[in-house]
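Have a look at these structures, which come just after this line.
You will see chain A twice below: alongside chain B first, and alongside chain C after that.
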Partner chain A sequence: MDSIVIIFIAGLIGLFAGMRKQTTLSLIVAILGLIGGGLAAYFRGTYISPIQSYAAQVPTPPMVILLLCGVTLLAILGGYQRYKQDPEHTSDYFALILFSLCGAILMAVPSDLMLFFIGLEILSIPIYVLVGIEKGSSLSAEAAIKYFFTGSFASAIMLFGIALLYGATGSFQLVEIQSNLAIGIWQSPMAMIGSLFILAGFAFKIGAVPFHFWGPDVYQGASNAVLMYMSTVVKIAGIYAVIYVFAMVFRDSYFFWIDLVSLIIVASIFYGYITAWKQTSFRRLIAYSSIANAGLMLFSLADANNTNVFFFVLAYAVSSIALVVSNQANGENSDELSAWEGLAWKHPLLGVSIVLALFSLAGIPPMAGFFGKFFLLWAAAPNLPYTTILALIGSVIGAFVYLRLLLLALKKPSVSIRIELPIEQSIVLIICSVLTIGAIFII
Partner chain B sequence: MQAANSIGTSLDFFLFVAFALFTIGAIGAMTRKNMIVLLMCIELMLNAVNLLLVTFSTYYGSGDAQIFVFFTMVVAAAEATVGLSIIIMAYRNLKSIDIDMFNQLKN
Partner chain C sequence: MALIILLPLAFSLLAWFLPSSITRIVGLISSFATLTWSVMQLLSFDPENTLYFDLGLRMVRFSMDSLGFTMVLLTNAVIFLIFLANFQRSIVHDKRFTALTLLMQFGLVGIFTSNSILGFYIFWELTLLPVFLILFWFGAFEKQKALLQFFLYTLLGSLAMLLSVIGLMHLTNQQSYEALLAADLNQLGNTGIWLMGGFLLAFAIKIPLFPFHTWQAETYTKAPTAGTMLLSALMLKMALFGLIKWVLPIFAGTALDFWRWPIIVLGLIGIIYGAVIAIKQQDLKTLFAYASLSHLGLIAAGIMLGDNATTKTAMLQIVNHSIVALGLFLAAGIVEQRLKTRDLSALGGIAKIAPRFAFWFAVLTFISLSVPFTAGFIGEFFLLKSLFSAHALTGVLASTTLILGAVYMLRAYQDTMFGPTQISTFADLHWSEISVFAILTIAAIYLGLSPQCLTEFVGHSLVQLKP
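Our next item is the complex of A and B:
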């Protein structure tokens, strides 16, 4: 709760700093707010509110808040080059990102379905705005329209599920819902339909098959800077919420939903990676890769202690941000995959971080992505043996997708072109690369 | 249940109306072309949920769900604000509010 307050206040102060059109000042305020939020989460732990019954407590593990703040910091730094182009609105963008992060922290591990739904909306609504920041571009407008309508449709579906669950159990508190479901209420049609609606809403938010259709269009239309934020933080918050709600609260109806979740996992991985093959747009490729990764993240539902997903989402987030930052360094808002030809030779730091990020996403051993995937699948394998085998086959297809991109980036150009990296993008690339390799030492 | 019975109807009646409203909203959101109508369909879905919540609140005799209704209304208002501004931005770019005109994003 402390970190939410700190981040919210930083967003407000940033808005005031923006009245003087000082982009650097807005950036510094945002960074300080994020660091403060992360530290508060780390040192203060959980916080008990005086209003016990509603805002009872936010039991989000400090590490998750730290991860969310860190990823947002990387996304803000990586996108700063784009945001500072219109100095009148730089601080507005940062404020939107910080407010959205407050929602992400609120929903990541909910204690109460009411708080969870409000957190989900606080997370989503600023992103609808952020997707449309390229005001003159019809592609950006189309992406904002699509994201807004699919997103609010998904929210309505999830809200309907929450209302039905309340009808079945008589409470919004997850602890009470769990104890009521445990005495057999989960078999009532209302609770079952409610949990299916909630699952559908979650699948929409994290972009898993069959509710993935908005992903590629929205990712392609949004600018690179916004993509860094929305392809990572929404997914991390969504996956932690779905783990908490399904693996903890709905654990009594495990055998009712686990088959459906397995289907979603297999369909997401295969659909994402096979469709990624024939893409010519970089951001669509990232979108399909994120669909497949959402499928892999859902494996944590089958695992009893589900702490392994932390490592996987960390690896996914840093690799994803490194790739999008490299794409942005290649040219403002560039999207064509053909522009990636020889990108790794244009700057030594770009070369190193592209190789590391793609190896990590492909799951080549010394990288963070390999360990993330390995722990996730190892823990889930006893419960879901066939799904794990299918996921392994899907991951092999995925490795070829990433290696194809790597070959494209490593093609030696006939004339060598050097590009200049802004300092903040270099910092992001260095942090992402260090985290990708350094993961082995954390274990 | 008592309160619902006292006005001469059963819980089922309210549930039926809420489900019907939600279905009308969902079908509208999937089939209509005008973006303003789409926005209204989504509002209809949220209002169906409000009816459902108030019904259950009366059934259980607790105020939780009625408080949730206020939050849902605030969320619906925020969504309408953002949605209308996005629609205006889209109209400035394409001079249309027909959702089928927005089909430029493809591989």
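Our next item is the complex of A and C:
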């Protein structure tokens, strides 16, 4: 059996188990499904689709599936406190997340544009629902509607791009598209416009400038628990897909799109970090930070054999999850940055993980974030020297955004308040901290 | 040998978990243990051979040569003295301080023993974390502006260095010290100049050299005494060490020829500018901060000459500056702690009430003035001599440090110790403070009488620069 099937079935079982209204049971089913999916990916290798007519392979590498499953596991554990508040729906939420994860695995490294598009939709639609689970909040409803409309629009653009590409090359299979493009078809206007449309769709999904505008509103409206999932898994799946499609398939038109990508990178980094500076809402800050990080991730397009992005997304994901979990521990669905004052003093584990996560995001060694950024820029520097320099300058601004948050969290309060951390949040924070600091041994 | 790096890290972690009530003893004992361990290693160390070791990291390897060993010993000694000097202050009762200082020691030892350029960079950045937290938690930073300014500067410098490190590793395909030495960077032409510029920017901000010094006075005055000691006695030395060990030998040739005189001129401006500003200062710590700017300008200018005899003297002067900085900032800290002010106009007449403090402060003042039989005398004399032989004008300008130094140091001493008594009580020195002053004095005089024990030891690992 394969990871997608296992995770999908775990989601289904979870739905049925949900009838018993036992939140722990749903959680256990979801965790078992994720672990099973991860193990299957690790031991069974790549996934061969049973759909014969496509004869399509999903060549997603085991490590990526493992990463996606692991991050989802962290997100589910971290958000469990929120999900169990509606016992009737807990299992629905977990099922939605697992279905969405199936889509993420399907699209992360596509071999066929049709299959890829299906994966993209399977990834997105459950998230539209999840964003709206705060039924009492108008912000949440607004976010869900906004995300749904803009997301559908982006899907349409992507589909249009795929159609144009099909028109130019006569195939959905990426291998065939690549070989057709290589003989010169890439210069045809249809193929060029198609690739630009696909790029725009991707930029939307990972939230890069100029298709970032949905990010802050949606992140702010979503609950902390959903934010953990959507700010990480969507980005990871999206960035792997964009790397595969562009650096592998469109490599012949490299010089056509790389300048555009450089522009997106620089604009995302500067826009994200500069705008993050003045935020008063924590989730908006995370949103802008994720825009800037999306820009950094796009650096992996600069070289063809990029295994370097793995570290970066891992570091980004664990740091973001640690921050959002800390925010959630501070108070259910709290969002104000002013609530962060003295947060690091409320629990020793919170203090350690906030310091590590923020230093990691700021890119200061020996945290994982530094190595991620270093390998990314290291590989990109020969191809995009000036973009690299600009990105580093942008990183200084970013470091200040994170340091500002850190100073706020570290300010020693006059009266010390202790908060209790639920066991599963402690586990998430410990895992995130260990991964952040342990990176030094992996390199 | 690996323990020399791991001990501070282990002690730092330990300090987090031990109760606050014994934390000052923990700090003192663990730093003393590290110091003892490094001295024991020194006995069996052969300065002619570099000792390689690694900690199981794939990309970062370590090596110990006599230059690095000198700096490691200096670090361990200074950290111990910082714990000792602050023994009766409230800051050492906080285990955050103990743990962070030991973490800082770990970072510094890592810098001085790293054998790959990437490791050098990683440890260089690692030291930011403890310094940042110490300044933030224990400093008197209103509105955090000074703290953020300090950070903006250091991060900009670090990123310039990161660019250079990436460029260097790409262009030479090497990252270990020996391989980089063997690589010929002259053929890179202007790229080499840019790469060296990135390193120099980072170093110029840390040292600090003249136009990049604006963070210094503000940060020193707002930092707690122990933090100022860490910054001035150790953190600045990272940059000088980087110059001596990494940048000069690697970039010797076109790039060094390009940057030599600009840096020397900046150093000279720093010497005179720092001294002149110091004369006008009313705040004791600010005064010492500018004095430090002046002294370090001389060292940096000397190092940039790039001949090994001068570099050896510069090493002597580096150690001497650590001694002086520790002593003077301790004195400033004592005044501040007892009287809650550092304003020279509000001070005066301490000598009558606290004769022991007056005596030791006088001794430190003279060490800082580089009177004969102290380490500074030999150091400054030979540095000035080398600058003279490089260019007479350079020597003349640099020599003003002797006169101007006497002006601001004696003025500072006079205004605090003599004159009309404006204060009623001043608790005389604690035994821990006396012992720090005594150790510093002994070290300065010992190095003044037999400087060759240090210069020869260091000389073993200095490479002949490529023409």
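Here are a few things to note about the model shown:
Basically, the second predicted complex is superposed on the first by the 434 of 443 C-alpha atoms of A that agree within 3 Å, B and C clash if a C-alpha of one lies under 4 Å from a C-alpha of the other, contacts with A are read in each partner's own complex, and residues count from 1 in each chain.
By our rule, a residue touches a chain if its C-beta (ideal position, glycine included) is under 8 Å from a C-beta of that chain, and two chains touch if they have at least 3 such contacts.
In this text the structure is predicted, and so the values were computed from the model without any measurement.
When both complexes are superposed on chain A, chain B and chain C end up sitting side by side without clashing. Once chain A of one complex is fitted onto chain A of the other, the partner contacts of A:281 are limited to chain B, with no touch recorded for chain C. Contact with chain B, but none with chain C, is seen for A:170 once the two complexes are overlaid on the shared chain. Of the two partner chains, neither chain B nor chain C is touched by A:434. When both complexes are overlaid on chain A, the residue A:378 reaches chain C alone and has no touch with chain B.
Judged by the touch definition given at the top, the superposed model places A:248 against neither chain B nor chain C. In the superposition on chain A, A:152 makes contact with chain B only, while chain C stays out of contact range. When the two complexes are overlaid, the chain among chain B and chain C that reaches more residues of chain A is B. When the two complexes are overlaid on their common chain A, residue A:419 makes contact with neither chain B nor chain C. Superposition on chain A places chain B within reach of chain C only down to 23 Å, the least C-alpha distance between them. Considering their complex, residues 54, 114, 117-118, 121, 125, 128-129, 132, 135-139, 141-146, 148-149, 152-153, 155-157, 159-160, 163-164, 166-167, 170-172, 216-217, 220-221, 278-281, 284 of chain A touch chain B.
In the complex of the two chains, the chain C residues touching chain A come out as 56-59, 121-123, 125-126, 128-129, 132-133, 136-137, 144, 147-148, 151-152, 155-156, 159, 162-163, 166-167, 169-170. In the complex of the two chains, the chain A residues touching chain C come out as 355, 359, 364-366, 370, 374, 377-378, 381-382, 388-389, 392-393, 395-396, 399-400, 403, 407, 410, 412, 440-441, 443. Against chain A, in their complex, chain B makes its touches with residues 22, 25-26, 29, 35, 38, 42, 45-46, 48-49, 52-53, 55-56, 59-60, 62, 64-65, 67-68, 71-72, 75, 78-79, 82-83, 85-87, 89-90, 92-94, 99, 102-107.
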